[in-house]
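Dropping the structures in below, format is structure tokens.
The same subunit A turns up in both complexes below, where it pairs with subunit B and then with subunit C.
The block that comes next holds the complex of A and B.
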């Protein structure tokens, strides 16, 4: 217990005692805190801009951050701080255009439009924004607390009870689950997973001669990680959205902004009305967020429908869809609660569950010195685990991020409403050039830029054929650990071809993988 | 009139193509482009070879194709794929390819024309030479895409392109000494 408290203290000190970027009134502001605030404000701005999303901003800023802070372990906390700030800010900012313009800034804010915009149209935009802010930050804070408690616990359990065959089976379960729950069909989910695995296996084997290169020298070092991920996730999205905008010139046009009346702002009794709804939404979002691949849109939809159904049973309750505060609260609490819980599988198992988590893993992978997984939470006798210090540093940053969101988040949200008027037709080509430049700066090779375009086309085609893209990215990241643990398990069991069935735990995990594919797929 | 279960829809076409490609990869690509096979034995120690993981991945791909066909056996969204989609994609890619080509060659061309005694490699870290390709290609990329999507040419699109390039040069090139804008790291 004392060791644990020491590590928590070290994590907090790592954030607070870092080098100061500048001083205010003689007091130095630690660089990680400055980066956190900068990321948070950037995230709110990005969320408030239709056509942009948190992962897009994380993708563009990652090479810049690495250029600025370098590849030493000292860079980890400032880089994570900025990325976590974007992650938290974008969830909050997504509500701004949803409420003011009936235009969700992020996909998970879609349900916020249902009650947020009617309330704004009724002359109470500030009230709607304030309810969204309070609910969003409450959901996020609850989810973070669950993360702080569960991630170390889960990591310790995994490390203590799972051996190599079980760890292989766990990776198979994660990939199967993601394939089953994402997208229009299990078949398409599995196709996305298999494509991610194949691309990751190019030139990544143990033989001296690299595999699957088709004789191209340029592929000898494998497919650049950043090109594959940014190509499919970001460039593919830009190409598909540009096509939608070209077909329908007014697809993301901004409608008239709703203006407030004299009675705008939180009404008496609002907090009492939304508290139980926020609690329920936060719980739903946290449970859904802890499952890899299940997104915040599902959490928001589920929370909204449950609350709407309950409201129908109460005789004098304001109907949902007419500007009910409970409608906004249910959605915002649930979609924000997903982000913290999403990091449970990332930090404890090294398994990313959403696009934001992918970029945190990418940052850790690029900088080095921090490998998300059970080893992060190990407490070796007589020595300090620097990864655990970083993990508690991340938790500290998340808690401070929530504090900023509680205090200044609302004012920043309101000031960003002007960004919703920036047309996506002009913004997305700029984002494309920024992304390609950022990739070049990191890789210093035009091959990476061309590869990004090729993966962009793949991402575009996947979207048009309703093949989900996130399983591709997650499989691409997990392909290496999966092959490595299978090789080690095979060797450790004396070349037993049935090593995956060698223990009851791994058999149960494999049966769960099969059940996920059969039952979760059948429900759609 | 063909029976609905036999109608060729985009998803069914995808399922069939995936199966054919996965089987071809399993039979031709994987065996010919890996050295150690599925399982290898070295000095009496048996271990997993480099072909195992890609082999299983392509097996999974074939299975996914079969599942897609199975899932669409009764009904699938009918309709022809809109030919305007691929055509628009081709135009966007054309713009990207031309812009990147300009980015790569404009600098060396400018050096050949205006500083024939030098090579671009020697000048790739000297203004204005190092900015010529990026400025022309980047501005062209942004301007052309904005004009394409908005169905009209506008001076504002050109200004957006120029401003983006200027900001990127400021952020990457002026702020960091060790960073190279495209295409200068390859030259």
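The block that comes next holds the complex of A and C.
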């Protein structure tokens, strides 16, 4: 127990005692904190801009951050700080255009428009923004606390009880689950996952001559990770949005304006009204967030519809859809609670559940010295585990991020409303250019740029065919661990071809994978 | 795959002459024509990886050269060798592997392009502190317990981090009559993670076990080198247990073949300078975890590599029989 407290202390020290960026009155300002604040404000701005999303900003800033901070373990916390800042800021910022202009800045803010915008139109935009901020930050903080408690615990349990074949089965379960819950159908989810695995298996593996290259020398080193992920996730999205704009030039334009009245701001009973709704939303968001692949949109929808149903049963409650504070609170609490809980499988098992988590894993992979997975939470006797220090450093950063969101987040949020007026036709080409530049900066090869564009076209095609893109990316990341653990399990069981069925736990995990595909798919 | 090696074979002869011909020392004047990419043939976060990164850091501090570490793990270092073979031979690409990459592994691959004469050996940094490691107070914390468990019919999982280690595990098993389940994992860190998680029972580690052994978390139940291990002087040599061979070697830096002698000398000297300077972090790590710096460069290193290749051929013959 004292060990654990030591690590928490070390983690906080790692953030606070890091190299100082500059000094104010003799007190150094740690670089990680500066990066966190910078990321947070960037995130709020990005979230507030329709057509941009948190993952996009994370994707573009990652290569730039790495080239700025280098590959030493010292780079981990500042880079994570900026990415976590964006992640937290974007969840908050997404509510701004949703409330003010009936235009969700991020997909998961869709439900916020339902009550947020009517309230703003009724002359209370500040009140709506304030409720959104409080609910969002409350949900986020709650789920972070769950993360701090659960991730180490889960990692230790998994490491202690799962044998090699069972770890392989767990990865199969994760990938199957993601394929089942994302996108329009299980078939399309599986298609996306398979594509991701095939691309990841090009030129990897233990054989000396690279496999699956079809004789192309350029593929000898495999597909550059960042090119595949940014291509499918970001460039594909830009291409698809540009096409939408080309068909309908006004699709993303700001439609209405809202002006505050004299009685704008939090009304006296608001906090009391939204507290139970926020609590429920935070819980729903956290539970859903902990499952890999289930996004914040589902959490928001679920929380909103549950609250709407309850509101109907109470006679004098304000109906949802007319600017009810509970509506805003239910959505924002739930979609923000997803982000913290989403890191539970990331930190404890190395399994990413959403796009933001993908970029955190990518950052850890590129810099080195921190490998998300059970080893992070090992506490070897008498020796300091540097990864655990980083993990608690990350937790510290998240807690400080929440603090910033509570305090200055509201003011920043309100000041960002102008961003919604930037026309997407100008914005997206700039984003595309910056993305490609960022990729070139990291890879310094034109092959990576071409590969990104090819994957961009793939991402565009997948979007047009309603094949979900996130399973592709997650499968791409999990392909390596899956193959490695399968190889190790096969060898460890004395070359038993049926190693996956060698223990009851492993069989149960495989059955759950099958059940996920059969039952979760049928509900649609 | 093979055709990019053809030009290399052509430069191989050139390279061999370049290495052996005495040249005037231009090393002091040599500076890299650009940032140096330092490929690391080990998984991120392990002992060897940290060693390489600290040496990169030391070179940057002492020489103001830019060194960019980049991971290239896998295939016992040959993934790195393949990467290096494509890189320019002007001192801007170097890689950290182990001596067995350029001896046992390159021979085992059967691809002459991986032969050590096609690369430039720069400098060793430390000798293996090779131990056969198990968790302390576990079911396998002595060689007798391993033998006893095997006789009782318990399958024993033996973690190895390279082909040579795997073959040595097999060879040892053959000699003592145990059919080990040999699991190839990533690096000594992979072996120790596997031991801690209970995924494997015993495994080879070449130095990174030092701290856990000192702390009483793990034990060296045998040693793979001639000299007694610094942390466990009582651990028996594997040849005393029945093996015909030892599992010794060095951590070392290599460069593409045909590197000009001045560059070779300058890079070798830079690595030596960092590794042997008691004020650097790299030296601290080498002293703490790898039994101290052991730097060999130039003709001394070439002679060692020739011997290591002869030994490797012999082991391979023995294992194949």
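By our rule, the second predicted complex is superposed on the first by the 524 of 524 C-alpha atoms of A that agree within 3 Å, B and C clash if a C-alpha of one lies under 4 Å from a C-alpha of the other, contacts with A are read in each partner's own complex, and residues count from 1 in each chain.
Note that a residue touches a chain if its C-beta (ideal position, glycine included) is under 8 Å from a C-beta of that chain, and two chains touch if they have at least 3 such contacts.
All values derive from a computational prediction rather than experimental measurement.
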Discussion item. So in the superposed three-chain picture, is A:450 touching just subunit B, just subunit C, both, or none of them (first/second/both/neither)?
Written reply: first
Discussion item. For A:72 in the superposed arrangement: first (subunit B), second (subunit C), both or neither?
Written reply: second
Discussion item. Under the stated touch criterion, which partner chain does A:492 make contact with: subunit B (first), subunit C (second), both, or neither?
Written reply: second
Worksheet item: Of the two partner chains, subunit B (first) and subunit C (second), which one does A:432 touch, if any: first, second, both, or neither?
Response: first
Discussion item. Quick one: is A:190 in contact with subunit B, with subunit C, with both, or with neither? Answer first, second, both or neither.
Written reply: first
Worksheet item: Is A:378 in contact with subunit B, with subunit C, with both, or with neither (first, second, both, neither)?
Response: second
Worksheet item: Taking the superposition as given, does A:209 touch the first partner, subunit B, the second, subunit C, both, or neither?
Response: both
Worksheet entry | First, second, both or neither for A:239, with subunit B first and subunit C second | first
Fill in: Residue contacts with subunit A in the superposition, subunit B compared against subunit C
B
Response to the item:
Dual-contact residues of subunit A (subunit B, subunit C) 206, 208-209, 487, 491, 495
Worksheet item: Across the complex, what residues on subunit C touch subunit A?
Response: 1, 4, 44-45, 49, 53, 57, 68-71, 74-75, 78, 82-83, 109, 111, 155, 157, 179, 181-186, 193-194, 196-200, 211-212, 215-217
Response to the item:
Per the touch rule, the subunit A residues reaching subunit C in their complex are 70-72, 159-160, 163-164, 206, 208-210, 217, 220-221, 368-371, 374-375, 378, 380-383, 387, 484, 487-488, 491-495
Discussion item. Help me check something: in the complex, which residues belonging to subunit A touch subunit B?
Written reply: 64, 67-68, 185-191, 193-195, 197-198, 201, 205-209, 211-214, 239, 242-243, 245-247, 249, 425-426, 428-430, 432-434, 436-437, 440-441, 444-446, 449-450, 453, 457, 460, 464-467, 479, 482-483, 486-487, 490-491, 495
Worksheet item: For subunit B, which residues are in contact with subunit A within the complex?
Response: 10-11, 14-15, 18, 22, 25, 29-30, 33-36, 45-48, 50-54, 56-58, 60-61, 63-71, 81, 84-85, 88-89, 92-93, 96, 100, 104, 134, 138, 141-142, 145-146, 148-151, 156-157, 160-161, 164-165, 168, 171-172, 176, 178-183, 185-186
